[in-house]
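In what follows, structures are represented as structure tokens.
Two complexes come next, and they have one chain in common, chain A, joined by chain B in the first and chain C in the second.
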Partner chain A sequence: MAGKKIQSAKRKRFINNSIVHVILAVLAVIWVFPIVWVVLTSFRAEQGSYVSTFLPQSYTLDNYIRLFTDTTILNFPQMFMNTLFIAIFSCILSTFYVLAVSYCLSRLRFKLRKPYMNMSMILGLFPGFMSMIAVYFILKAIGLTEGNLIKLALILVYSGGAGLSFQIAKGFFDTIPIAVDEAALLDGCTRWQIFTKITLPLSKPIVIYTVLTSFMAPWLDFIFAKVICRANSDQYTIAIGLWNMLQKEYIDNWYTCFAAGAVLISIPIAALFLYMQRYYVDGLSGAVKG
Partner chain B sequence: MRRRAVSALTAAVMAASLAVTGLTGCGSGDGGKETVRLMVWSPQGDQSKDKGEWLQTCCNAFAEEHPEWDITFVYGVADEATSAGQVAQDADASADVFLYANDNLTTMTDADALVKFGGKYRAEIEAANSQTSLDSVTKDGEIYGVPFAINTWFMFYDKSVFSEEDVKNLDTMLEKGVVSFPFTNSWYLASFYIGNGCTLFGDGTDASAGVDFGGEKAQEVTDYLIDLEANPNFRIDADGSGIAGMRDGSVNAMFTGSWDAAAIQEALGDNMGVAALPTYTLNGEEKQMYSYAGTKAVGVNAQSDYMVQAVELAIFLGNEYSQRLHYELGDVVPCHTALLADEDIMADEVVAAINDTFNRTSILQPNLAEMSNCWVPVENMGKGIRNGSITHENSAEQTEQMNEAMNSDGI
Partner chain C sequence: MGILKKRVNEFPTPYTCTRAIREGGPETKLSMALMGFGNIVHGQIIKGLLYLAVEAAYIVFMIMTGAHCLAMLPSLGTVAQEEVWDESLQIYTYTEGDQSILILLFGVATVLVTFLMVCAWRGALRSAYKAECLAKEGKHVNNFAEDLKTLLHENLQRLLMTPPVFFIGAFTILPLIFMICMAFTNYSKIDSHLMLFDWVGLDNFKALFDSTSILGSTFWSVLGWTLVWAFFATFSNYIFGMIVSLLINRRGTRAKGFWRFCFVLSCAVPMFVSLLIMRTMLQPEGAINVLLRNLGLIAQDASLPFFTDPTWARVTVIVINVWVGVPYTLLQLTGVLQNIPAELYEAAKVDGANALQIFTKITLPYMLYVTTPYLIVTFTGNVNNFNVIYLLSGGDPVTDLSSTAGKTDLLVTWLYKLTIDRQYYNIGAVIGILTFVILAIAALLTYRNTKSYKEEGGF
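On to the complex of A and B.
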């Protein structure tokens, strides 16, 4: 009797697991499908945007080579460097803002603390592109919409509002015992020293999480770059370049290069993620128990 | 995204504190020469080394012609379709001289961003263009640009499948080979309706006349389109399927514009044929299809600081020399009357076909703001027929709905 029961329980578990795995496998295929398709397209030798077969008939590396050598119409290397430059600097700036603001809100008590937190929450409810045209005209009034200053303008746009997205980092800092700070204060640390020498070393996961998100936003942004760059083609970012490749005049010639470009821009992000993955998960689940 | 929501304020405050240097002053010229700074926009192709730097060549030639000015050119990239939006958004920071497609004319005149050409300039433009291309850049009797190219769509076909006689009628073609048509794109689909007497704003300029895409004549066309879509030799061209079919031989004729000519030439080689639009047979009668036609023109920004020079440059970029160079370097089909009389240029099949289309089988795309209501309903008609939701049973009702939607401002 007992043996039979165990067996049927085992069988039940096996069936359950099988069903779950099949469903997961189907979902995984659906989810990965578009990505696989883009990667395949980037190696496709046949031209044009439309093909009748899912798998390319022949493969080539030319799309990648062309992306970096044929720079007369769409200068991809330059766009890549522009974007990298903008992304790195806005990443540094906004990481600093986010962490500094979070630290202040977590550790200091001042009159505007509550109002500031409320204000940031309400402002956060509005979509970013709402302010797009206003941002453009403000930047223009200051004279930041021509030549190389566009890069500065974009860095300001991407990092300027960073101080409002402190919630996650503040939540993390809240979990570090205040006693650690107090001990440091007694030993003669200044607030700045506590921040740099005590809080930050204890918060590696959230620092890395902040770096990742701050890098991705400018790296992937299209809408602000498009509005601010306008006709200055030497300042274009990758997103604008990729969009251009899909215009009526270029799509037939550049479609496979577009796919190659899409693969290339995901490489830095993918690399960062793979390297920092464990911190990333730690950072979101919160808390150094100290 | 949210992080950037507030960047308006923060960015402004930060940037202000950086106190960046502002505008460059325009100093007085040396030796009595006037110093001029002209910003010029064109598509990237017109500025690339591969294609011979049309824009730079023309601008330098212009500067040589005018030694009295010390001109600095600043080049920017904006193609004909998007330049209007940029100029209308912020004319002050836009190019002095730019290229635009004439269907964007109202976008810019509504923003008071486009210069009217008068006096000797107007006479010069009138002398160099046909009445149709003049009409394409005219609004309320004023000329707003220097036309430099014809912009329309026509037919490419495989000569080994169709004879020159066949391509005169769409239904004959469908018996002999596979035809692909951008059925779900209203820029193309409306041609069938216009062919059977449907009109847009009277002669195209009278907004109060409204759109007449209803009644029996329109319903007949809808019925024809339903049958056309069901024809086994008919393919809907969407997302580049037409040109892919031309490459692998599964499609023998397609409808597109000069921008695809090079790719089709590569696919078909000597077998490439080009023709104006065919007729189609509706209830035993031959009806001519009519495409929307327009021009591409050189426009001058109304906010330009150097108005005389900008207007002179615009005229220069649209003159015979520039248009010929544009054709030679970038295959841009000219509209200058002197060039259209040139035998060498007319020997080019594509130019001849575009010209034939422009003169014979097209209507000028109306330049009215109300035109913007006309695209989606026709597109939905095409999509409805493709999806099978519009059938012979409900074609009358659906056609009326399309007509109503085209005449309303509702969203």
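On to the complex of A and C.
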């Protein structure tokens, strides 16, 4: 009797497990499928955007080669260098802003602390690019919308608002025991020394997280870049370039190259993302822990 | 409610502005007109001179340009650009007219500078009063080098916060005030007010709320869809993400890491890339339709109207948003799920609860409790979700040709179309303000009541 019961429970569990695994497999296919498809498309030999077969008929590396050699219409290497340049500098600036603001809000007590946090919450409720046009006018008024100065303008725009996204780093700093700070204060450290010599070394995960997210931002944004670059095609970033490849006038010739470009910029970002995935989870659960 | 509670001053100081004006000595009172004078008298020469320099710079700025900018602000310029026939060159040349947009920009900037000046003035007054009090009591008055040193310790926040706050001021607050001002003007391509425009008060708001006009009816339908979208996008992601993470995290599931990797892979691809890919796949001649045709599910020349039929388009963007968003939700919820104390489950099992009861009585309440702030952030993020809509459907299909918005346009994408494509800047600004008002009401009602806000910083 008892043996039968255990056996039926076992069978039930087996059926349940099988169902769950089948469901997960189906879902996984749905989620991975578009990515596999774009990788396949990037090696497709047949040109043209819409073809009548789902899978490529023959494979080639030409799309990747063309991306870097055919610079007459869409200069992919130059876009790559532009984006890299912008990403490096805006990464340095915004990392400093984010960490400085987070540290102050987490560790120091001053009069404007609460007002600042409320202000950042209110500013976060405005549609991000409602002010985009205004930003463009301001940049134009100080003469940053011509030639190479566009790069500077983009750096300023990408790093400018960084001081408002302090939540994750602040949540992390909050978890460092305050006793460490107090001990250092007793030993005669200044707060600056505590920041640079104690808090930052103790917060490596969040520093890495901040560096990587701010480095990635310029590769992913295309709206601000598009509005600020306008017709200056020599200043385009990768995102605008990829977007342009899908426009009506280019899509027939450039579609497979778009896929190649998408794969190329996805690889480093995917690597960074998988690497910092645990920081992402830590940072977020630290921020909502309350 | 919390907002209305009177704030208790956490940082009492004897050196306030009012006391400086009321009780300060003659040198402090003179600092009201001549900033830094009090500091110089009490030996803080460099500090005093710096204050004086700030005042001088402000006065010079006001005389050179500031006063003019402020004076132009009420009228926003009157001189129109004109065509003049140039005899010697035999061409038409244009006289330089007033550019209202620049007048408005410089005007707003001048107001901000003046505000900063008032802050500096108050600072100078306080500092002079403090120096006076300290000198009277025979205490040590800091010299400039010592003042600089406090920046590394007591006043570290000034050193660290000034640069970020400066850039927030220049690239977030100034543009925002500028755009808010635009909502009260007629800066728009309509009636060609692109060079010269005027203040029109609340006319734009009236036009938008007037549901009999094309603009008004478009606004209400876009607003309705925005709220529907935000609701479904937030909760479909949340529920689906929770189901997936429960499936992965349940005890019987093998290869947890592999399943998680499959989902996370898609959020490692940059979002705009995956959205553009999705869009091309869902075109009438795109990969999905080709696949369905090859499988014989639809006729050879037929295609499913993913972005051409209004209802299809709306469902499509929500479904694709699930595809895009679930990996993020999964990452987020996995951490929270793993934090649920195991004793709770064990106790429930001992008491004989079944799986459904455990889920509804333990898992769900715990998740909701911890993730409420996250849900609110996601909701506001979805109301402002520009990327998904703009890159996927671009707001299409447009069924009513006279209206400026398509059937899947959110307030933000409509704002984008109105400002960038159509140059109806004033209406765009009004929509931005209204979006903010809607979000602010929603956020204030919920956010300030959540535990994590109230307990902030209580260590």
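One rule holds for everything that comes next: the second predicted complex is superposed on the first by the 273 of 290 C-alpha atoms of A that agree within 3 Å, B and C clash if a C-alpha of one lies under 4 Å from a C-alpha of the other, contacts with A are read in each partner's own complex, and residues count from 1 in each chain.
What we mean here is this: a residue touches a chain if its C-beta (ideal position, glycine included) is under 8 Å from a C-beta of that chain, and two chains touch if they have at least 3 such contacts.
The structure displayed is predicted, hence computed values, not measured ones.
Colleague: I'd like to know which partner A:Ser49 touches here: chain B for first, chain C for second, both or neither.
Modeller: Touch status of A:Ser49: both partners.
Colleague: Chain A residues in contact: does chain B have more, or chain C?
Modeller: C
Colleague: A:Asn232 in the overlay: touching chain B, chain C, both, or neither? Say first, second, both or neither.
Modeller: First partner only, chain B.
Colleague: Would you check which partner chain A:Leu164 touches, where first means chain B only, second means chain C only, and both and neither mean what they say?
Modeller: After superposition on chain A, A:Leu164 lies in contact with both partners, chain B and chain C.
Colleague: Touching A:Lys111 in the superposition: chain B (first), chain C (second), both, neither?
Modeller: A:Lys111 sits against chain C, while chain B stays out of touch.
Colleague: First (chain B), second (chain C), both or neither: which does A:Phe137 touch?
Modeller: both
Colleague: So, does A:Pro127 touch the first partner chain B, the second partner chain C, both, or neither?
Modeller: both
Colleague: Let me test your reading of the model: by the given contact rule, A:Ile65 touches which partner, first (chain B), second (chain C), both or neither?
Modeller: After superposition on chain A, A:Ile65 lies in contact with neither partner.
Colleague: Regarding the shared-chain residue A:Val20, is it in contact with chain B (first), chain C (second), both, or neither?
Modeller: In the superposition, A:Val20 touches chain C alone.
Colleague: What is the contact status of A:Ala9 with respect to chain B (first) and chain C (second): first, second, both, or neither?
Modeller: In the superposed model, A:Ala9 contacts neither chain B nor chain C.
Colleague: Following superposition on chain A, which residues of chain A contact chain B and also contact chain C?
Modeller: After superposing on chain A, chain A residues 49-52, 123-131, 133-135, 137-138, 156-157, 159-164, 255 contact both chain B and chain C.
Colleague: Which residues of chain B touch chain A in their complex?
Modeller: Against chain A, the touching part of chain B is residues 1-12, 14-16, 18, 20-23, 41, 43-45, 48-51, 76-79, 81, 83, 86, 89-90, 93-95, 239-241, 243-244, 247-248, 250, 259-260, 263.
Colleague: Using the touch definition up top, name the residues of chain A that touch chain B in the complex.
Modeller: 46-52, 72-74, 94, 123-131, 133-140, 142-146, 149, 152-153, 156-165, 217, 221, 224, 230-233, 244, 247-249, 251-253, 255
Colleague: Using the touch definition up top, name the residues of chain C that touch chain A in the complex.
Modeller: Per the stated touch rule, the residues are 10-11, 101-102, 105-106, 152-154, 156-157, 159-161, 163-165, 167-168, 170-176, 178-179, 182, 244, 247-248, 250, 252-254, 259, 261-274, 276-281, 283, 285-287, 290-291, 294, 323, 326-327, 331-332, 334-336, 339, 370-371, 373-374, 380, 384, 386, 390, 411-412, 415-416, 419-420, 425, 428-429, 432, 435-436, 439-440, 443, 447, 450-452, 455-457, 459.
Colleague: Which part of chain A faces chain C closely enough to touch in the complex?
Modeller: Interface residues on chain A, with respect to chain C: 13, 16-17, 20-21, 23-24, 27-28, 30-32, 34-35, 37-38, 49-54, 96-97, 100-101, 103-104, 106, 108-113, 116-117, 121-135, 137-138, 141, 156-157, 159-164, 174, 178, 190-193, 195, 216, 219-220, 222-223, 227, 239, 242-243, 246, 255, 258-259, 262, 265-266, 269-270, 273-274, 277, 280-282, 284-285, 288-290.
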